[in-house]
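Presented sequentially are two complexes of chain A, the first with chain B as partner and the second with chain C.
After this line comes the complex of A and B, so read on.
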C-alpha cells in the first residue's frame, strides 16, 4: 500500500470521524451565540478558539465537516446514480442514435463552467444546501457517464461478454451482471476524486453565501465571515481554511492511491 | 539631539515636497455607486452621498451637525400665520452650464417635485405647498395649505435641491447644479469625478478635484484604505477593523451618529405578527447589546423607538422592551404559540443586517421562534420585502432624517395601520410651535414603541476613515452626504 494512500485515508477518516461524532456530541452548542466570548485565541476551554460570535470553532469545524461531507456525498451520489447507467446504456448501444444523444448531451453540460452554473442555479432557486447538492450533482453526471462508457466499450469486445451473449442474455443483463462489476473499482476511484471536488464546490458556494444558510455551519461561510478578521484574529480564518485544505488533500491522496491499486490501465504501465 | 535630527529631516522632506503647498485633490470611497445622478428623481442614498451640497444646493441645507442653515436662499420671512414663506435668494448664483439661478428656477424645481407626475422619492416633503410665486428674480413666495413647522427642514433635503429647466433633461447622467463642485466624469462601475466650480457664488472649495470610488466589499475596503489607494472612506463597512486604523498614525478615524434607525422590520399584516402580543414577545426576546457588540463591534446606540437618540425630542423608551426571554416565552404562550412558530428573516447585504440577523435568529430560537434566514442582494430585497411585502422579519437601517412619518403610511412595507397615529402625524405637520411639536413627537414615539410595530435595535453609527491630513470632514451623517466644500488638506 502506498504512503499517499495511507495518509489520504487517515486524513479523510479523521474528518469523517469528526462529522460522525458531531451527531452525538459537540463541545459547545453552535446555535447559542456567546457574544462576550468572541474572538478568543485557542485555549484549554476552546481548543481552536472562538469566532466573532463567540462560537467554539472546533464545534463549528465538526458541524461544518458534516455539511461538507453530506453535500459532497449526495452530489457524487446523484452523479453516479444517473451517470453510470447512462454510460452503461451508451456503451451497450454504442454507435446508435441514442448513444449520440446521450454523449452530446454530456458534452453540452461539460461545456458550461460548472461553478458559474451552480451559482446560477442557487441564485435562481434560492440559496440552500439542497440546491447546492443538486447544482454540484448535475455536473457529476457527465463525468461518470463518459468514464463508464469509455471503460465499458472495450469490455464489450471481450470473450466473457461474447459467451454471455451466446447464452442469450439481454444487453441490460450483460451490463448489470458482467460489465458493471468490472468497472466498479474505477467508479470508486473517480468517486473519491469527485468527492474532493464536491467539497471544494460546496465551500466555494457557501463562501459566496449560496450554500447552506445559517445557522447550519459550513467551512466556506466560516472562511467568508473571517475575511475581515484575518489581521485581528488569524485563527478564525486559518482553521476553516486548513480544514478544507486537509480534507481535499486527503481525498486526493486517497484517490490517487486507489487508482494506482485498482486502475488496470495504470497497473499495466507499471509492470 | 534626536528631536533636532527629526526636525531637520522633516524640514528637508517638506522642502523636497515643494514647500507648503497643500494637496488639492482627494479620492473618496463610499460603499454604493449611485444608480443615476438625479437627486430629485431617484431614491438611492448614494446619489446624495456624491452630489449633496457638492453639486446641488437647495433653498436651505443641513450643516454637519444636522442644523438647517441657508442655502441659495439668503434669508426668508415667514408670515404671521405660518403659511407664507418669502425666500430672498442670493443674486449671483450660477448653474454650472452658465445660466443664472433665479426665482424662476426655484419655482420650476418646486412645481416639478410636487406635480402629479413627479418621480420624486420624497414627494411628501412638498405635499403642503399650494402655490409658488415669483415676486422678482431674487424673491420667491411659497404658500402652504397650513402651517408646517418642518418646512425649512424639508427644503434642506437632497430631494428638494434647485435644478434648472435648461438642463433637466439629462440630469440623470449630467447633473448641472449650483454647488462648489461641477460634475466632470462618471465611469460607471469605477469612479465619478468632480472639479472645482471657479464661478461659485459662495466660498470656493479648497480642493480642485475630487474622485469618488465605490467599494462595498469589507475586505476590499480594508485593503484600499490600508494601501492608501483612497484618501477617505465614508461609511467604512467593517467596524472590526477600526481599532487597527486608530492605532495607525497614518489615519484618523471619525465615528459619528447617523439618522439610521436600525430596526427588525416586522410585517404587521402577516400572521402571527398581526398579534400585538407576538410582536411584544419578539421585542423582549432581543438582546440589543449583544447585537451591537456582535454585529457592530460596539459601535451603535440602543433605541427603544423609531427616533434618533441625538435628537433633542428623543424619548428613551428602552424600558418598554428590555431583554427578557422568560417574559417573551410567556407572551408567546398567551398569544397562543406556546411552542413558538416559524417565520422568515430576509437580510440585505450590509454587515449590520447579515451579522445582526444571525444573532437575532439565535436569540429568537431561545424563545422558540424559528426564523429562517435568507440572504438577499439589495435589488432582491427591494423587490421581495419592500415592494411585494413578502417577508415575516427583516433588518434594515432607515437612514432618512426624522422619518417617523413612515408609520402613518399603511402601505409602507411593514404595513402598520393605526388611525390614531395617522391623525397624530397630521396634527404634527400642522404644528409650528416647538413645545407643541416636542409633545406630539413624544406621543408618536410612545405609540409605536408600545405597539411594538418593529423591533427597535440601535442607531447606526457611521465610521469615516481618512488620512491624517484631511480636515473638515463631517463626523456625523445628518443626511446622506459627503460634503467636500469645506474639506482641505493640512499643510
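After this line comes the complex of A and C, so read on.
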C-alpha cells in the first residue's frame, strides 16, 4: 500500500467517523445560541472555539461533515446509477445511432459551465440540499458514462466475452455479468475523485447560500458566516476551510492510491 | 481539415440550440408562470399583467422562444425587471470586470503551471518534483473562496498591500488591475494546480516516445531533449485543458466576485437571482454558456491545426 493511500484513507475515515458520531453525540447542541460565549478562541471547553452565536465550532464541523458527505455521496450515486448503465449500453451497441446520441449528449453536458447550471437550478427550484444534490449529480452522469464506455469497449473484444456470446448470452447479460465486474474497480476510483469534487461543489453552493439551508449545518455556510468576522476571529474562518481542505485532500490521495493499484494502464507508465 | 471544421461547426450549432432550449425551458416553462414566480404571491394583478405582457407571456411558447433567440442575435437581451434598463447595457457594464478577471486568472495559471510542470517532469522523483506535486495536491483540494478569504486576511487586512474588495473602474488601468489581483490569484490557484499536473504527465508521456530516444541518441541531454522536443508536443493536450479552464474561470468568477464585491457578471447573476429577475438570469446564463461553447469550439479547431493526425482521424 502506498503512503498516499494510507494517509488519504485515514483522513477520509476521520471525517466519516466524525459524521457518524454526530448522529449519537456532539459536544454541544448547535441549535442553542449562547451569545455571551461568542467568538471564543480554541480552549479546553471548546476545542475549536465558538462562532458569532457562541456555538461550538467542533460540533458544527461534525454536523457539517454529515451534510457534505451526504450531499456528495448522493450526487456521486446519481452519476453512477445513470452514467454507468448508459456507458455499458453505449459500449454494447458501439457505433449505433443510440450510442452516438448518448455520447453527444454527454459532450453537451460537459460544455455547460457546471456552477452556472447549478445556480440556475437552485434559482428556479429554490435553494436546498436536495437541489444541490441534483445539480451536482447531473454533472457526474457524463463523467461515469464516458469512462464506462471507454473501459468497456476493449473488453468486448476479449475472449471471455466471445465465449459468453457463444453460450448465447444477450448483450445485456454480458454487460451485467462480465463487463461490469471488470470495470468496477475503476468506477470506485472515479467515484472517490467525484466524491471529493462533490464536497467542494457542495461547499461552494452552500457558501453562496444555494445549498443546505439553516438550521442544517454546512461547511460552506460556516465560511460564509465567518467572512465578515475574519479580521476579528480568524479561527472561525480557518476551521471549516481546513475541514474541507483535509477531507478533499484525503479523498484525492485515496483516489490516486487506488488508481495506482487498480488501473493497469497507469502501471505501464510508471516503469 | 475542411470536413473536420464543418463537422465541428455542425455540432457547435446543435450544442447552442440545445443549450438555449434547456435554459428557456428551465427559466420560462418549469416555474409555470414566470411572472408570478418573479413577483411573489403578494403581487398585484395589474403588476402581474404588466410583467406578463412585458415578457410576452401571452404569446405562444414557440414564438417566445424564437423572439428571445432572434433578439439576442440583434443584441437585444430584453429589459431587466428590477433595474429597469436593457439587460444588454447591464452586461456591457459588467463584462469589463468579468472578462479581464478570467483572462488575468488564465494568464496567471499558465505562468505558474508551465514552469512547475516542466520542472517536475524534468526532475522526476527528485525533491522539486515531490514538492511541486505536493503543492498541486493542496492546490486542487483548497476551496478557492476560502483561499480568497485567507488572502484578504493576510494581504489586505494585515499587510494592507491590496484593498479587501471593490473595483475602482478602468480609468486608472493600474489601479483596476491591482484590485483584480487577489481575485485572479484565488481563481487561478486550483486551475494552476490541475494544469501543472497535466503538463507534467503529458511531458512524461512524451519522454517515452521514439523521437525523444532519437534526440537522446543524437547526444542531447535529458533536459535538452525535453525543452527542444517534448515541450512542444506536450502542449497539445495542455491547450485543450486551458480552453476548458476558461469556462471554469468564467463560472468560478461568480463566487469570487461575491467575495471581493466586484461588479461583474457573476455578481449580476447573483443579485438577479435574489431579486428573482429571471430575464437577467436567463440572458446572462445564455451568454456564459455561449462563450464557453465558442471557446471550446475554437480550442478544437486550433487543436486540429496544431495536430494534423486529428484531422485525418475524423
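To be clear about the criterion, the second predicted complex is superposed on the first by the 269 of 271 C-alpha atoms of A that agree within 3 Å, B and C clash if a C-alpha of one lies under 4 Å from a C-alpha of the other, contacts with A are read in each partner's own complex, and residues count from 1 in each chain.
Here is the rule we go by: a contact is a pair of C-beta atoms (placed from the backbone, for glycine too) under 8 Å apart; a residue touches a chain by one contact, two chains touch by 3 or more.
Here the structure is a predicted model, which is why all the values come from computation and not from measurement.
Peer 1: Sticking to the clash and touch definitions up top, decide whether chain B and chain C on chain A clash or fit.
Peer 2: Once both complexes are aligned on chain A, chain B and chain C clash.
Peer 1: Could you look at A:252 and tell me whether it touches chain B, chain C, both or neither (first, second, both, neither)?
Peer 2: After superposition on chain A, A:252 lies in contact with chain C alone.
Peer 1: For the overlaid complexes, name the partner, chain B or chain C, with more touching residues on chain A.
Peer 2: Higher number of touched chain A residues: C.
Peer 1: If we overlay the two complexes on their shared chain A, which of chain B and chain C does A:213 touch? Say first, second, both or neither.
Peer 2: In the superposition, A:213 contacts chain B only.
Peer 1: Determine, under the contact definition given at the top, whether A:231 touches first (chain B), second (chain C), both, or neither.
Peer 2: both
Peer 1: Please state which segment of chain C collides with chain B in the superposed model; the candidates are 1-9, 19-27 or 37-45.
Peer 2: 37-45
Peer 1: Check chain A for residues that touch chain B in one structure and chain C in the other, and list them.
Peer 2: 227, 231
Peer 1: Which chain C residues qualify as touching chain A in the complex?
Peer 2: 11, 14-15, 18-19, 23, 26-27, 30-31, 37, 137-138, 140-143, 145-146, 149-150, 152-153, 157, 204-205, 208, 247-248, 250-252, 254-255, 258-259, 269-270, 273, 278, 281, 285, 288-289, 292-293, 296
Peer 1: So in the complex, which bits of chain B are touching chain A?
Peer 2: Residues of chain B touching chain A: 218-219, 222, 238, 240-241, 243-244, 290, 293-294, 355, 357-359, 361-363, 365-366, 372-375.
Peer 1: Under the stated contact criterion, what part of chain A meets chain C in this complex?
Peer 2: Its residues touching chain C are 104, 107-108, 111-117, 119-125, 196, 200, 203-204, 207-208, 220, 223, 226-227, 230-231, 234, 237-238, 240-241, 244-246, 248-249, 252-253, 269.
Peer 1: Mind pulling up the chain A residues that touch chain B in the complex?
Peer 2: It is residues 31-33, 35-36, 38, 52-54, 126-127, 209, 213-215, 227-229, 231-232 of chain A that touch chain B.
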